[in-house]
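In what follows, chain A forms one complex with chain B and a second complex with chain C.
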Partner chain A sequence: MLDSALNVFRQGRNLARLMEGLWVTLEISAVSVLLSMLLGIVVGLLMTTRKPLWRAAARLYLELVRFVPILVLLYIFYYTLSRNWGINLEAKIVAVLVFTLWGTAEMADLVRGAATSLPAHQRESGRAIGLTESQINRYVIIPQAVRRLIPGVINLTTRMIKTTPFVFFINVPELTKVGQQIVEVAGMKNYMASFWVYAFIFFIYFAVCYPISRFSGFLEKKWEN
Partner chain B sequence: MDLAFISKYAQLYAQAAKLTVILAAAGIALSLVIGLVCSLIRYYRLPLLKSLARAYIEMSRNTPLMIQLFFLYYGLPRAGLRLESVTCAIIGLAFLGGGYMAEAFRGGLEAVSRVQVEAGLSVGLSRPQLVRYVILPQAFAVAVPAITANTIFLMKETSVFSIIALADLVYVFKDLVREGHSNENNLLLVLFYLIIILPVSLFFAYLERRVRRAGFGA
Partner chain C sequence: MLKAKIFRVLVPALALMFLAAPALAAGELAKIKEAGKIRIGVFSDKPPFGYVDENGDHRGYDVYLARRLAQDLLGDENKIEFVLVEAASRMEVLESNKVDLILANFTVTPERAQRVDFAKPYMKVALGVVSPANAPVTDVAQLRGQKLIVNKGTTADIYFAEKHPEVNLLKYDQNTEAFNALRDGRGAALAHDNTLIFAWINENPGFVSGISFLGNLDSIAPAVKKGNTELLDWLNEEIVRLGQENFFHKNYDATLKPIYGDTVDPETVVVEGGVLE
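Coming up: the complex of A and B.
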């Protein structure tokens, strides 16, 4: 039985192809998370401003994007961009676009949470000891807000990684798609191929996400006070 | 906007939505049970079981549902266990959700103060009574927001069910892409997801308001 497992991965470039697929997965996740962080900070800060129109717009965006399943957004963008608007983007780019759209909403909510959860006396105490507003932001507010933010951002990263299999649906050759292709070819001769390949992919995802989750949990505990 | 298209295919979408709701309800109900059991095992630090629960929670939370489904539907039959796609969908959703729900309940259980437990013991409640009447109601009240988030998350996750040959909303959408009318098709897809997710969200918002008054023992 173990022979069949070894054979699937030894055959041709199967193992190398899976690793290439993993690379595509990580690439899409990394780019989407970075873009989401940048845009999410902007949208999140918009949500804390006193301008009601900006706040309402940000809120609407947030609710809309978080209510609709990501796969639905992915399909709609994938088919609509090319068919209706004549914009032909590589599937990988569409994936990054949609994941960023979702990630930005999640990030914005984290930023808003971190920015509004600091008690008012922090800023007031800063004023009382004679700090200027920019000093208060630099030395009091931002360091504390960032600490509250970081565990959530790390979690967003693992959620992004776990979202990437969706690109399977628009035929981007990431880990899952490569796995399916290998199963299709190897499965004819090797009865156990699909069992081993999908088990392997399951553990690759675990091996990537588990350490990141643990790290986030560690930081959360460390900064609890 | 072509109303003829919408009225012609809304029926297909409605059927798919019904399937999604049934599968989601079964999967989420199971995941609540699994989550509750796992969190109680960890709360009472039952030897051996505690490590198993921990390992399961980490596995379910750190892997994507799609891969879990691929393994259940395409991998397991080769090892001798053949499951219907409906069964796979429910098991997959429960496997994923169980880990998330366990964490939600754990947060609630940890929030129940020591004093409450001691007060319960001192008035002579038995262990099961303590769990049933003191610990769980308070833990549940604290856990509701997390349970809400998980439920919505799980409902959205059902969108991948078409990979195991289930005729869900996404399946219908993709089937109709050929027909053109992409605006109408997009609208129907989003609309039907809103129809199944929005009531759940409203119900939980109501539930959260109801249990917020339960501010005991804080």
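Coming up: the complex of A and C.
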């Protein structure tokens, strides 16, 4: 019985299709994570400047994006933009755009938190031993801020990977959706197909996210001293 | 679970917020020919109507028709861009111009007809109720106070909520989830389109279709964006033309018969030439 249930992976290109679905998941999350890191640092630093206008703008962006559900953002960028203003974006572009908007906001807040959490005496001590401001940033502030940033960034990365199934909403066949397609076809005859396919998807998400999590642990340990 | 709720609450709200829609330009057919492909919204996980088979190819009754339409309009049955749609997003993808045409087992209802234009029907469907053979449900009265399994937002869901509030509904998103729930004994019976129930009991001895025709006989038709009369007129003529060569019976034999077996009379499902009898 187990053998017949597991046949679902051997039929046709089912296994290859799941891998193609995984590729879509990884593509969207990798591009979005990278863009979010870069843009998030810029927006996060804006939030720590002394210019009130920049800070207000960054703050507004953060609050707007972070508290609107991802599905609403996907809906607006995929359906509403096209229907009302004729801006017809491709589904994958919309996915990357929305995940980057969201990731940037989250990342910016992490950067702001890391940068402002360093006690003021760090900067003052730097000045006392005669370092210039850019030297202080380079040798004192940034190395410490980055260490504080790592756990949050890793957490954000795995969260973004696990949120990608939402793109089913704009008709992108990522891993979970492909799994569903397979289950719906095989499930007519094979009662256990849904169990094995979803168990496999569980394993894949774990296999992708666990190494990222371990890498973070490794960095933290390395930098402890 | 989440998605059905979100669609139901969110979609109308957002749709109301942005009611103004740009008018359709003329020459829709010319535009499709110029693009060299027609964009057709189909299901990817609803066998035997629209699904992706184990080789990754689109299959099903809707897809068979889709390929023929592409053949007759563009001269090549592969000049199609398939867009995978969900049951709840079928009207959205038309209104936001993501597809030219929906062929996704789309039941014609007056509410839907206000937002999209339906062509002539190519299939008909009524509700059916499937139950375990050792505890068959042959009359809706037997369901009073019992749990009945349905799929969210389907005609079965709407029919029982309106006409039989005395029946407790247990709702699921996916067909497989719903049928597995029936197998697990989570409800006394399951109500769905009778066509799908015929297909399922054929594979699952131990269950019977105690009620095979319930509610109105509904028709299933292609849908285009509201106001796209050029494509609509072409579809209507095409469906009549295809009726002359008995195309939809051939479609039935190719896509539905292997699943339904000989237990189902094709005349209960197929609509030929757009004429609902």
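Following the convention adopted for this analysis, the second predicted complex is superposed on the first by the 214 of 225 C-alpha atoms of A that agree within 3 Å, B and C clash if a C-alpha of one lies under 4 Å from a C-alpha of the other, contacts with A are read in each partner's own complex, and residues count from 1 in each chain.
Here is the rule we use: contacts are C-beta pairs under 8 Å (C-beta built on N, C-alpha and C of every residue); 3 or more make two chains touch, one makes a residue touch a chain.
Keep in mind that this is a model prediction, so the values were computed, not measured.
Once chain A of one complex is fitted onto chain A of the other, the partner contacts of A:Val68 are limited to chain B, with no touch recorded for chain C.
With both structures placed on the common chain, the touch criterion links A:Thr158 to chain B but leaves chain C unconnected. In the overlay built on the shared chain, the residue A:Pro173 is in contact with chain C alone; chain B does not reach it.
Once the two complexes are laid over each other on the shared chain, residue contacts for A:Val185 go to chain C alone; chain B is not touched. By the touch criterion defined above, A:Ala199 lies against chain B but remains apart from chain C after alignment on the C-alpha atoms of chain A.
Touch criterion met: A:Asn84 reaches chain B and chain C at once. In the superposed model, A:Ser134 makes contact with neither chain B nor chain C. Of the two partner chains placed by the overlay, only chain C lies in contact with A:Gln11; chain B stays clear of it.
For the contact definition in use here, the residues of chain A common to its chain B contact set and its chain C contact set are 69, 71-72, 75-76, 79-80, 83-84, 168-169, 180, 183, 191, 193-194.
Contacts from chain C toward chain A in the complex involve residues 3, 6, 10-11, 14, 18, 20-22, 44-47, 51-56, 83-86, 89, 92-93, 95-98, 174-177, 179-180, 183, 199-200, 203, 259. Taken in their complex, chain A has these residues touching chain C: 11-14, 16-17, 20, 69, 71-72, 75-76, 78-80, 82-86, 88, 168-169, 171, 173, 177, 180-189, 191, 193-194. Contact residues on chain A toward chain B in their complex (touch as defined above): 67-72, 75-76, 79-80, 83-84, 158, 162-166, 168-169, 176, 179-180, 183, 191-199, 201-202, 205-206, 209-210, 213. Interface residues of chain B facing chain A in the complex, by the touch rule stated above, are 58-59, 61-64, 66-68, 70-71, 74-76, 78-79, 156-160, 163, 169-170, 173-174, 177, 182-183, 186, 189-190, 193-194, 197-198, 201.
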